[in-house]
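Note that the chains are named A, B, C and D in the order they appear, and that numbering of residues resets to 1 at the start of each chain.
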Amino acid sequence: MEFDLQAVTEPGKKMVLMAEEHSADFATRADEHDSQGTFAFENVEAMKKSGFAAAAVPQEFGGMGVTSIHDCVVAMNRLGRGDASTPLAFTMHLFRVLSTARGLNNARKTGNQARQTRLEDMLRKIGAGDFIISVANSERGADIRTSRTTATKTKGGWLFNGTKTFATGSPAANVLAVRARYQNSAGEERLGATMAPVDRPGVEIMNDWQGMGMRASASHDVVFTDYFVPDEEFDDIGEFGKYNAAFLSVASGASMGLSSIFLGIAEAAQKIAVDATKERGRADYPMNQVTVAENEIELAACRGILGRAAQSFDDFYQTGAGAGGVVPEVTEMEAFEIIKNAATAKKYVMDKAGEIVNRAITVYGGGGFVTGSTLARLYRDVRAGPLMQPWATNQAVEFIGKVSLGINPND
Amino acid sequence: MEFDLQAVTEPGKKMVLMAEEHSADFATRADEHDSQGTFAFENVEAMKKSGFAAAAVPQEFGGMGVTSIHDCVVAMNRLGRGDASTPLAFTMHLFRVLSTARGLNNARKTGNQARQTRLEDMLRKIGAGDFIISVANSERGADIRTSRTTATKTKGGWLFNGTKTFATGSPAANVLAVRARYQNSAGEERLGATMAPVDRPGVEIMNDWQGMGMRASASHDVVFTDYFVPDEEFDDIGEFGKYNAAFLSVASGASMGLSSIFLGIAEAAQKIAVDATKERGRADYPMNQVTVAENEIELAACRGILGRAAQSFDDFYQTGAGAGGVVPEVTEMEAFEIIKNAATAKKYVMDKAGEIVNRAITVYGGGGFVTGSTLARLYRDVRAGPLMQPWATNQAVEFIGKVSLGINPND
Amino acid sequence: MEFDLQAVTEPGKKMVLMAEEHSADFATRADEHDSQGTFAFENVEAMKKSGFAAAAVPQEFGGMGVTSIHDCVVAMNRLGRGDASTPLAFTMHLFRVLSTARGLNNARKTGNQARQTRLEDMLRKIGAGDFIISVANSERGADIRTSRTTATKTKGGWLFNGTKTFATGSPAANVLAVRARYQNSAGEERLGATMAPVDRPGVEIMNDWQGMGMRASASHDVVFTDYFVPDEEFDDIGEFGKYNAAFLSVASGASMGLSSIFLGIAEAAQKIAVDATKERGRADYPMNQVTVAENEIELAACRGILGRAAQSFDDFYQTGAGAGGVVPEVTEMEAFEIIKNAATAKKYVMDKAGEIVNRAITVYGGGGFVTGSTLARLYRDVRAGPLMQPWATNQAVEFIGKVSLGINPND
Amino acid sequence: MEFDLQAVTEPGKKMVLMAEEHSADFATRADEHDSQGTFAFENVEAMKKSGFAAAAVPQEFGGMGVTSIHDCVVAMNRLGRGDASTPLAFTMHLFRVLSTARGLNNARKTGNQARQTRLEDMLRKIGAGDFIISVANSERGADIRTSRTTATKTKGGWLFNGTKTFATGSPAANVLAVRARYQNSAGEERLGATMAPVDRPGVEIMNDWQGMGMRASASHDVVFTDYFVPDEEFDDIGEFGKYNAAFLSVASGASMGLSSIFLGIAEAAQKIAVDATKERGRADYPMNQVTVAENEIELAACRGILGRAAQSFDDFYQTGAGAGGVVPEVTEMEAFEIIKNAATAKKYVMDKAGEIVNRAITVYGGGGFVTGSTLARLYRDVRAGPLMQPWATNQAVEFIGKVSLGINPND
């Protein structure tokens, strides 16, 4: 796999090396955690201990100073090869840290002292190696534009009520990123967000995850009951029912990180199929060559589309219009054009990863169908990809089509 | 589903109605058996009791007299909609009965009295409703042309030794169809076959099936240790390492029956997706319409290719060159041309069934990914199809390609 | 091609044999007409002379009495193998004759004497072998639900004004089936239709067809300028802007006939590729086997989906709810369900025919790219299929998706 | 098209800008040359005059000093958007110049004075702006490993005899790169090569190109009759019938350049479809959005796979094992691993470009089918891609499959 995705920055290269070491370690326990449906707390501990969990924390706060979205995507790819459940949770943390560091830059530039202090505080905690962010945003019957969880004004803050689903990695999290619907003083329906510490009253992680795949991801429901969020920890993130460009731009990083994990799944499956074919002396069977070639071609395309999409975000944030850390200088449609890159990569990689695993089983044969086979785990895990938001498959198609035709998807 | 596959003969129509009733019943227990990995003995009992298990037994022996391969394929489709594991086992029984009945016709025509008596005896037992045939032919490292199980000559018969895999439904079987490699008196490597009663010494069903899907199919290993087969129960079925046209022709019926079960899986998945979309009021979402339409188109193609392939076998056996019950009047290549129809249908339907289930989950959303969801079961079950022999995916491609280009696949 | 589509009725079998003879003859001139862009008048003459042009005329009027849509579809398949341009024009004639014969049955049943006389007159002319119907319905910026051509009330009739496109085969036609938008006395926008004799004033065939493919199809523009249609020749065919079930049902027959021509194109391409591969001694190249197999599988699926769709229309018209010749006893949605079958087959076959020709060139090599190569003609011709109405590709997807989800596409 | 392929070196960026200007100019004449089947001599003259034809000539010889294969690939992409026939010819020239410049570096390093002088001479001529290289290597019944043209030893040189096909751009060439089969003194079958000036006796350009597409590419036959090549202009390029890694590595650059032209075709088609959809006010039709989105996703994947493959060659030649200008330090299999990248990109882009043009016509409608429509030209042109060597489609699959499974494709 000499031509796989490669980090381009120096801190990124160190991060990827570290990811490869963690990946090899996680792989040894992946089938067992899958079989038992247990969350690999020890993997999270290992990433905290090695400093990997602080990779995107600036060096001034004790981190490795990785700022490249591209390189974080590459690191997630390496983790995904060994075990997909752990990085699924970790991606949320990683891309939140990245955007927090960008947010800090922005707060410093704009002189927003309160925000600066809050973000520095968080980065310092993460840099100290004992703080994990997770996300509890999915809900039944809602998508990235909406929420059924409500935030109701109360004295000094807001009360959150609602049930979140697919809160991957929540048992290891110190805080959960949460969205809720609220009414502002003008009576408009808006979306608000907070980082909710899990050690306050009113939040319960249900420990109820029972997935067909990603069984070790602890993607539990989380129930908020009159959970209090102080005013200073509550952020407005835009109009209810609309795509918010700034928010979506941040989510796009995570979306590419997730896609990269699934590329890792596909690479792992192909490696199992190729190795087995060689070992069995079946490499000279032309039909095996065809199927292996089809996978190689699609793997190359997945790497290409994902690498370029991630690079386009780095260009945007580091040298382009988004260099301020948010997206102030671009129009909404210009922002959607960039976000389209992430949606495109997500749609492509998630679909193709499934097809690649499928073909790997074709080459490997019936042994890939039995319980305990790693290929069988990958087949179950890989189906999660197209369902993830943003972008569930058909929502991605709609968004890409509209933006390509010059239609604002919020219209 | 008004334009789904329909039986064309009168006995076939009755059989299909019965299949629909059994299917509705089996469906109520399918998720539970999948969850527990238990074999649905009660389903087999129900099929014995209703007479369905004797559908292909001539009326003179107490059966329903179904002779149409096409109609048996349709019946399997209906069963597959409710529960795939049970018909997976039953297909082997059904198509063995069909070929036994054809074999009896042939024996009567050719005046082979010994064979006639043996086959009448078997049909009578099955017609009496308490006799099930299963197949134990798959082996690790072997395909339809080979076997690692050996038959060694001994006094008055043969001793079978070897381990069979994927012996679907074996716990409910009275006899197992088994192949073995042997040397004839001229020292040539040949394949032999027998119907091995499971109540004789030397055969052990290992109860070890642990599939990712088809978990209720009891596809256990079966070990034969010096299992004695009397000379009169031992049949030569052709050269070792070669496709045997007559044998393959019989196997093609079962192969289409299996494919039809997977069409049933795909139809069930599409129904779940369509029903849910309607219930949720999401039928007007254009992207859902596209995905649903793609599935409808492929379902129509699956029905078309499968229905025509099955009909071509009926034409062959009932009015064509194979009307004698075996394939004596055609050349090997002519037989392969017909067999190609089954391989074509098998390859197509098995691939597309997987794609259809996949799209159904796309439409249905994340709820299709959790344990206990029927769609999640169908996703796991459907992957078995392309692996089944005959024809594993790539072997089908090779066979179809060669025959289409006028190359004998045995050369 | 032993398992290709086969006629099921006796008159149909004769028709198909005749089609095979015409096809072999037309094939000898196809490349030349393509090169010159000339219409094969001699082919139309040959079909008149042989009686083929009167195949669907009842025997009482001198025809062959073919009533099966399925068998007409099979006949078009055979023509398509030899030359696609001629049957493209002829399909319109054939399916108009079929529906005229059904219309006559209906008129007799309902005692509509005027209509009976008009239809008998037309069938008698066609049966006499010197009368061809063509269709001039396509227009820029309109689809099957609309028309920019207008019919304006005048004394004793209507004046038609507008420009039709893709009036395939128009130079050989005696009458053109034409649609126009009109206002009824209640001021409602409706669609009207007539069979317009080309020898009356006010109609001009522009002889301007310049297609990339189907170059011998004479798919000219036709301009109507104050063309007078007497009241008794003017039929209302439904609400403007809506799918009309009865009209669409008739068009579906033609749509399947067209699809069948393109199946013929695909079969011809595959035959060229297979024959060349054999001749060059390249049949043993595994990659050729794979590509040939992929084509065989898709050809089988095309035949299956098309054969079943056509049969479903025969069932409907001959023994089902539509046996009266029109669709009176079914609801609009029930009619759409049946029409969906034709849309499904059309979408599938037209797409796959293109892919099959494409793969045939892959197998054949660079010689298939040069001017004068039959494969190059087929590559150009085959692209017309998905554009034809009903159903252009995306309109088919929309219709199928909506009907499958229980949505009336007219809502 | 903000996220299209971008040059990464400074000279490359200038070259791409120049390509965009030429492209806009060429586009104005493309349909006319296609219609007439004429070669655009004026386009070649323009590229000579602007200095574009000398882009890859080192600055010391009057060129622009572009050394990046990646950037040349990007430049070809831009040309391809305006007119595919001209760059098809020019790619051969461009990548020969690139490899000549690398060869010169190598000759200087190794002190091969004769070779140094010869290559300097050629680069000086090209730098002076009046010297074009073309390639005449294709032959009926031969592939990249073989040749039917023979080189027979004669006094002081070799006599070439044979017929080359698809000698794109030959009428504008000063020299033709030609391969021939010969026997060395040990009696071994080898492949030899030369750069054959067209102004010597014994070479005839037949002016006989009649393509379905790429009609303005002048891809004529070229006949060599006792054409004399002096010993000092004759190079051995390896064993007859085998892939030669060094030669194939050079050809891979051209192969990616060609692929990039076809990406340009696809981008042009998508632009036509998108622009028309907007102009007609049909951007809000969901089915159009789906088809446009599918194209955007595949365009993104094409750019990704092609950009990365080209970059991998730059890495290899500029900083990697091939930095000497040839491939001496790597094993044959290591070289094949790199070449696999080009084969992968070629296979993917050529296939997908065809699909993208096809979908663009679906969105555009019937107007894309008529003669004179640019889309119709693109549909005909784009089919050439998968046929080009290296790598014709199936040969690419075989090569990729074997190398991926660790099999030397020469075994």
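The rule is short, and it goes like this: a contact is a pair of C-beta atoms (placed from the backbone, for glycine too) under 8 Å apart; a residue touches a chain by one contact, two chains touch by 3 or more.
Here the structure is a predicted model, which is why all the values come from computation and not from measurement.
Chain copies chain A and chain C are related through a rotation whose angle, from the C-alpha fit, is 180° to the nearest 5. Chain B and chain D, compared by their mean Cα positions, are separated by 52 Å. Here the spacing of chain A and chain B, counted between their Cα centres, is 43 Å.
Taken residue by residue, chain D touches two or more other chains at 286-291, 397-398, whereas all remaining positions touch fewer. With chains as nodes and touching pairs as edges, the resulting graph is complete, every pair of chains being joined. Within the complex formed with chain D, the chain C residues making contact are 138, 140, 165-166, 210-213, 285-288, 290-291, 354, 358, 361-363, 365-373, 376, 379-380, 383-384, 386-387, 392-395, 397-398.
Put simply, chain D touches chain A in their complex at residues 2-3, 274, 277-278, 283-284, 286, 288-294, 296-297, 300-309, 312, 337, 340-341, 344-345, 347-348, 396-398, 400-402, 404-407.
In the complex of the two chains, the chain A residues touching chain C come out as 286-287, 289-290.
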